[in-house]
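Letters are used for the chains, namely A, B, C and D, taken in the order the chains are written, and counting of residues starts over at 1 for each.
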Amino acid sequence: MFARFRHFARTLPQAALLAALPVAAIAAGEVDFVQSVEPAGLDPTVSSPVAAGQVTWQNLFEGLVAIDRDGRIVPQLATDWTISEDRLTYTFNLRPDVTFHNGTPFDSGTAKFSIERIVADDSTNGQKALYTDIAAVEAPDPQTLVLTLSRPSSDLLYWLGFPAAVMVEEGSADTNGTDPVGTGPFKLDEWRKGDRVIMSAWDGYWGDPAPLDTITARFIADPQAQAAALQSGQVDIASELGAPELFAQFAEDPKFATNVGTGEMEVVAGMNNARAPFDNVRVRRALMMAIDRDALIQAVKSGYGTPIGSHFSPASPYYTDLTGEYPYDPEAARALLAEAGYPNGFEFTFKVPNRTYAQRSAEILQAFFQQIGVTANIVSSDFPAAWIQEVFTDTDYDMTIIGHAEPLDIGIYARDPYYFNYDSDAFDAAMQDVATATDEAARKAAYIRAQEILADDLPALFLYSDPKLGVWDAGLEGVWPDGPVPANDMTEVRWSE
Amino acid sequence: MLAVESLRVTFRRDRAPPVEVLRGVSLTLERGATLGIVGESGSGKSVLALSVIGLLPRNARAEGRVLLDGTDLLTLSERGMRDVRGRRIGMIFQEPMTALNPAMRVGVQIAEGLRVRRGLSRGNARTEALRLLDRVQIPQAGRRIDSYPHEMSGGERQRVGIAIALALEPDLLIADEPTTALDVTVQAGILDILGDLVADLGLSLILISHDLGVIARLADRTLVMHRGAEIEQDATERVLRRPGHDYTRTLIDAMPRRARATLEAGRA
Amino acid sequence: MRRVPATLWIGAALSLLFVGAALLSRVWTPADPTGMNIAARLKGPGEAGLLGADQIGRDVLSIVMAGAWTSLGIALTATAIGGAVGTATGMAAAAGRGGFERAVMAANGVLFAFPPILSAILLGALLGPGAGTAILAIGLFMVPVFARIARGAALQVWSRDFIKAARMAGKGPVRISIEHVLPNISAQIIVQFAIQTGLAILAEAGLSFLGMGVAPPNPSWGRMLSEAQTYLSSAPHLVLAPGLAIAGAVLGLNLLGDGLRDLTDPRRGQAA
Amino acid sequence: MRKLRYLGRRLAGLLGILGIASLAIFLLIEAAPGDPAQIMLGTGAQPDTVAALRAELGLDRPLPLRYLAWLGGVFTGDLGMSYTYGTPVAELIGQRLVVTLPLTAMATLLAVAVALPLGVMAAQNPNRIVDSLATAFSQIGIAVPNFWIGLLLILGVSLGLGWFPTGGFPGWRAGALPALSALVLPAIALAIPQAAVLTRVTRAAVIEVSNEDFIRTARAKGLSRRRALWRHTVPNALLPVVTMLGLQIPFLISGAVLVENVFTLPGIGTLAYQALSQRDLIVVQNVVLFFAVIVLGVNLLVDALYILLDPRLRGSG
């Protein structure tokens, strides 16, 4: 009875709406994907790279190389490349007959401009630090680009596949934030700020045209609203559903395809290693052992997520499982705390960004710490503004909690200054070995050593890796299941016949 | 023409026993005659007037009979009563400052009854309103017709009040303390107009006042009321000259000496 | 003796219920309002506690009770501060007149120009979210309200004869304000206090909803609602309890205020 | 004439208040911790990159200069460029206004449409069921937070019945109907507390005016109760209602911030909130100033309406 009423109730206003709408409002080649954060500008080479890249990377902008859905480096605007014996010179052969959306041809001159712009003194590229080993850029002929490094950087090729290193051209570089001009298969139609970015297929694309005619990024911060938009068909893809607790209902629904993918986001509780008692490694270990990471994931992420023991997530090719290093053991934690000189525990201020996952995790950590006699006083911090100022810039904090979304970003622990105030010669050496590794095995070994040092030193409490909970219309193919790069690559997405 | 028979009015009150404000009053009024009702404030004069025109507050209950040409007004429906108000009985109120709608031009207020009850066109109603303003001796009526009440003096407003009451040419006019709120100099003018109307149009008039001087000027008969009851009722001359009751006498004594003198003079 | 209006009874009873719950929560709640229980998460009313459990398995009834303490505490403190400052400036404006009065009224105009939530968000940005910020922001927006009412009421008192007498007796404006004006306007201020406390609860809930309220684990009705939005379809009970608590507390205080006004001002009592 | 001078004086006072408000806004936002350049660049950026961006945004100029530049821009109609979006602030506000303005207008219309008849009916039938219902509605409506109403509407109407979207805004280009239907529930949530306040004021005002002498005069003309009500009582009772509408503007805006948040509408409230958390200072300054202008402007408008509604204030001649 109720069901019938609901059906009637549902169809009534819809019929009225449909009658009023122009026909063919829904084209076959159209996809709307949801994204929780709206980028400040659409240019991934300036300002907030993650959100901008999630909209435009691969769709609008392309790089010399790209990272594919499996995390591999693949050629893009460079067809192939050679690396010199001393690993200091990279020579790229560039793809001919590539033009930007505004008709400007892509050649080694534009590539040189793009790279030099990243490393310039007045560069406003947020990821500049990754590319500063590039000492010189040369363009000996239109199809050849030569990069000379000041020291070996084994990850450089990987970084060049990143949103922060996409190719732009000089004439439009300054306005890419609002009016992006790239070489990708889609071009910008309209950006309705606060709501959506609409992109449509560009007929001048150098490669195979994308199957879709139109793609739209919809910015919906609230997880409930994301789920509702999916259910009502207003959006087709949520590659990272914000509400894990709603995921199960989509998994049961045949209208949707779901996938629990691995993501690159590691949630860690960073500590101020320069401040007592967090300068004491035994205290840090005791706190780590006070936490039942599985229970935490259950509570915060409805069980979707993987405990981590160090800074890499299982999505990383160099991941090694170190969760066994300091497992949940409140008894041992209490003992270790006493050994460190805090038999009665201590009290500290827990500066938590006012974001749901952080607040929720902090509340649970607070309860765990209480079990070993440590009192955490939670202070909300307005994110990002106040948090970045207080924690990141001023490092005026005891403990905080935040997700690190950039892949292969373990190097942040070697940075000085960085908000952990962590200083370890052994770790710095391991990172040096990563940079100078001449083969993949040596590189992997160095990365694993770096992870092991962190897992033992615990400059931060390593909590969990965020899953990439993908939900999309069951009629869609080609959606990225995992997230080796935070992106919504729509270039291979199609509606199945 | 009008006969009120043992009219009782009681007010219901919240959380208190009902109170009786009229305790059986009777009166009769001939066509073209003027009845004065006198009494101190709270004596039930106004309630009596409101019962006749059927505008008692909601919590009031009237018993008895109010016969207008043989029809008991108390038994009339609201719709029936609406035909009586304005057309058969017009009423003039005490406070010219508050008795007019402050947000409406006076001409419109006069014309409103004509338009609603008579169905006159806007233009015809305006012409008629202009005539009425002339009738109540508003100078420069053509200009003043578009004034708002606050732009007029008290006397002028009271004249507008009379014009409103006259608009539908009623047979009976009830004037409830029409001059009390006015300056002495203005009072006379208003009373003159009322007197002229009775004389020229053959109206019946019920004139309510606490001021015997006012009553004495116009009323053929006078009803003296006290605490909701009739004290005496007779020809005005008789009541004033040979008050049949102590209360009437105190009313006469309370009059200013000069007014009493005029009264004496008038009597003489 | 006038009869006590029914609204006053209902208002007083509702207000007492919430004050009682707030006080009780300091010594007893059915369960630990901060104690999580993963096994019970999102369980409905009856399955886990009287009002169910939240997303980390805390007992909803216990958090709502403890939330009363937070909510009432912030609202009362903010209104008390705003009320005291506002009343004092309003009385001073009435006593001082002239330029001072104009300055006070202009300052009120500036405060009035900022929509309350917006000024609270601005303050939140400046001071960081937390109870102190909420109290300050809400209190600040109470100031012009009380100032206006106190000034209006005080001006009426100042025009009365006994003030003239006091002035002729050589009393200064400060002394007159305290001895004569304050007692005569206190009834109006108290009535306004009850109503403004209700508004303060609404404002606090709004701030917490936007993540600008007290820090966890201090329970807060507004934050409960903001968290409940995520579970709207899977656990609707989470959205009902805190909302009803807010509405009930505000309703109680409003009725209390209206009832008090009817009691102290017979003219209004009849009109209402 | 007198009235014109009065309105002129009001306008001057208003500009003074806006001047003080603008300085307060500017200083408050400047004093808040958080560097827009650092926020835009994220946690990966090095200090020299941040410094470069600060220079590019003009954030390295001295404080008084930036304030004066902003104020000068406001007077010439140039509100500056958003740090984060990189678009003119005026354009940004305009884009958001096409959501917030219809939203608040719909809410106000809805509130008036409910409150006026309800308040009048309640006043006409004291102590009857209508009156009790109206009183209950106004008491409860004032007490419930509008964002909670929003949540309940999403729960019951959107998720339950499947009517109207749960949030988001398709844009006016998608057609008037989809756009309006996205605003229906938020407008209802916003309208209910407003309607409650207005019902209360209307009821009290109508009761008060009903007891005026001129209503008796009108009835004595033989006017029906209904005509006396709509021609005489209601026009005179509108004054306090209009006043209350003006006084409610700050609350309406506050409510819009919350309701836009619940329904994820890209309105000006969301813009203010978002820009502040991004420390897009120039946007925050302008939006807050804009709201102040609206609040004060509406109150000036209410004053003007007063003069229109009450001829006594119009002055003769």
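Note that in this section a residue touches a chain if its C-beta (ideal position, glycine included) is under 8 Å from a C-beta of that chain, and two chains touch if they have at least 3 such contacts.
Predicted, not measured: the structure shown is a model, and the values here were computed from it.
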Listing by label each chain that touches subunit A and subunit C gives D
A student comparing C-D to B-D should find more C-beta pairs in contact for C-D
Per-chain Cα centroid nearest the overall protein Cα centroid belongs to chain D
Taking each chain's mean CA coordinate, subunit B and subunit D are separated, in whole Å, by 50
Subunit C and subunit D have mean C-alpha positions lying a whole-number Å distance apart equal to 22
For the pair subunit A and subunit B, the C-alpha centroid-to-centroid distance in angstrom is 87
Multi-chain contacts in subunit D, i.e. residues touching at least two other chains, fall at 32-34, 154, 159, 276-277, 279
Each of the following residues of subunit B touches two or more other chains, namely none
Shared-interface residues of subunit A (touching two or more other chains) are 222, 224, 228, 382, 385-386
A full list of chain pairs that touch reads A-C, A-D, B-D, C-D
Interface with subunit C, subunit D side, in the complex: residues 13, 16-18, 20-21, 24-25, 28-29, 31-34, 139-140, 142-145, 147-148, 151-152, 154-155, 159, 204, 207-208, 249-251, 253-255, 257-258, 261-262, 272-273, 276-277, 279, 284, 288, 291-292, 295-296
As the complex stands, subunit B meets subunit D at residues 53, 55, 58, 78, 82-87, 90-91, 93-95, 98-104, 109, 112-113, 116-117, 148, 150-151, 161, 164-165, 167-168
The residues of subunit C that touch subunit A in their complex are 34-36, 38, 41-42, 55-57, 124-125, 128-130, 211-212, 215-217, 227, 229-234
Subunit A contacts subunit D in the complex at 6, 9-10, 13, 17, 20-22, 25, 38, 40-41, 46-50, 121-130, 177-178, 192-196, 218, 220-222, 224-225, 228-229, 232, 234, 382-386, 388-390, 392-393, 402, 404, 406, 409, 412, 419
Within their complex, subunit A touches subunit C through residues 222-224, 227-228, 242-243, 245-246, 249, 295, 298-300, 352, 354, 356, 359-360, 362-364, 366-367, 378-382, 385-386
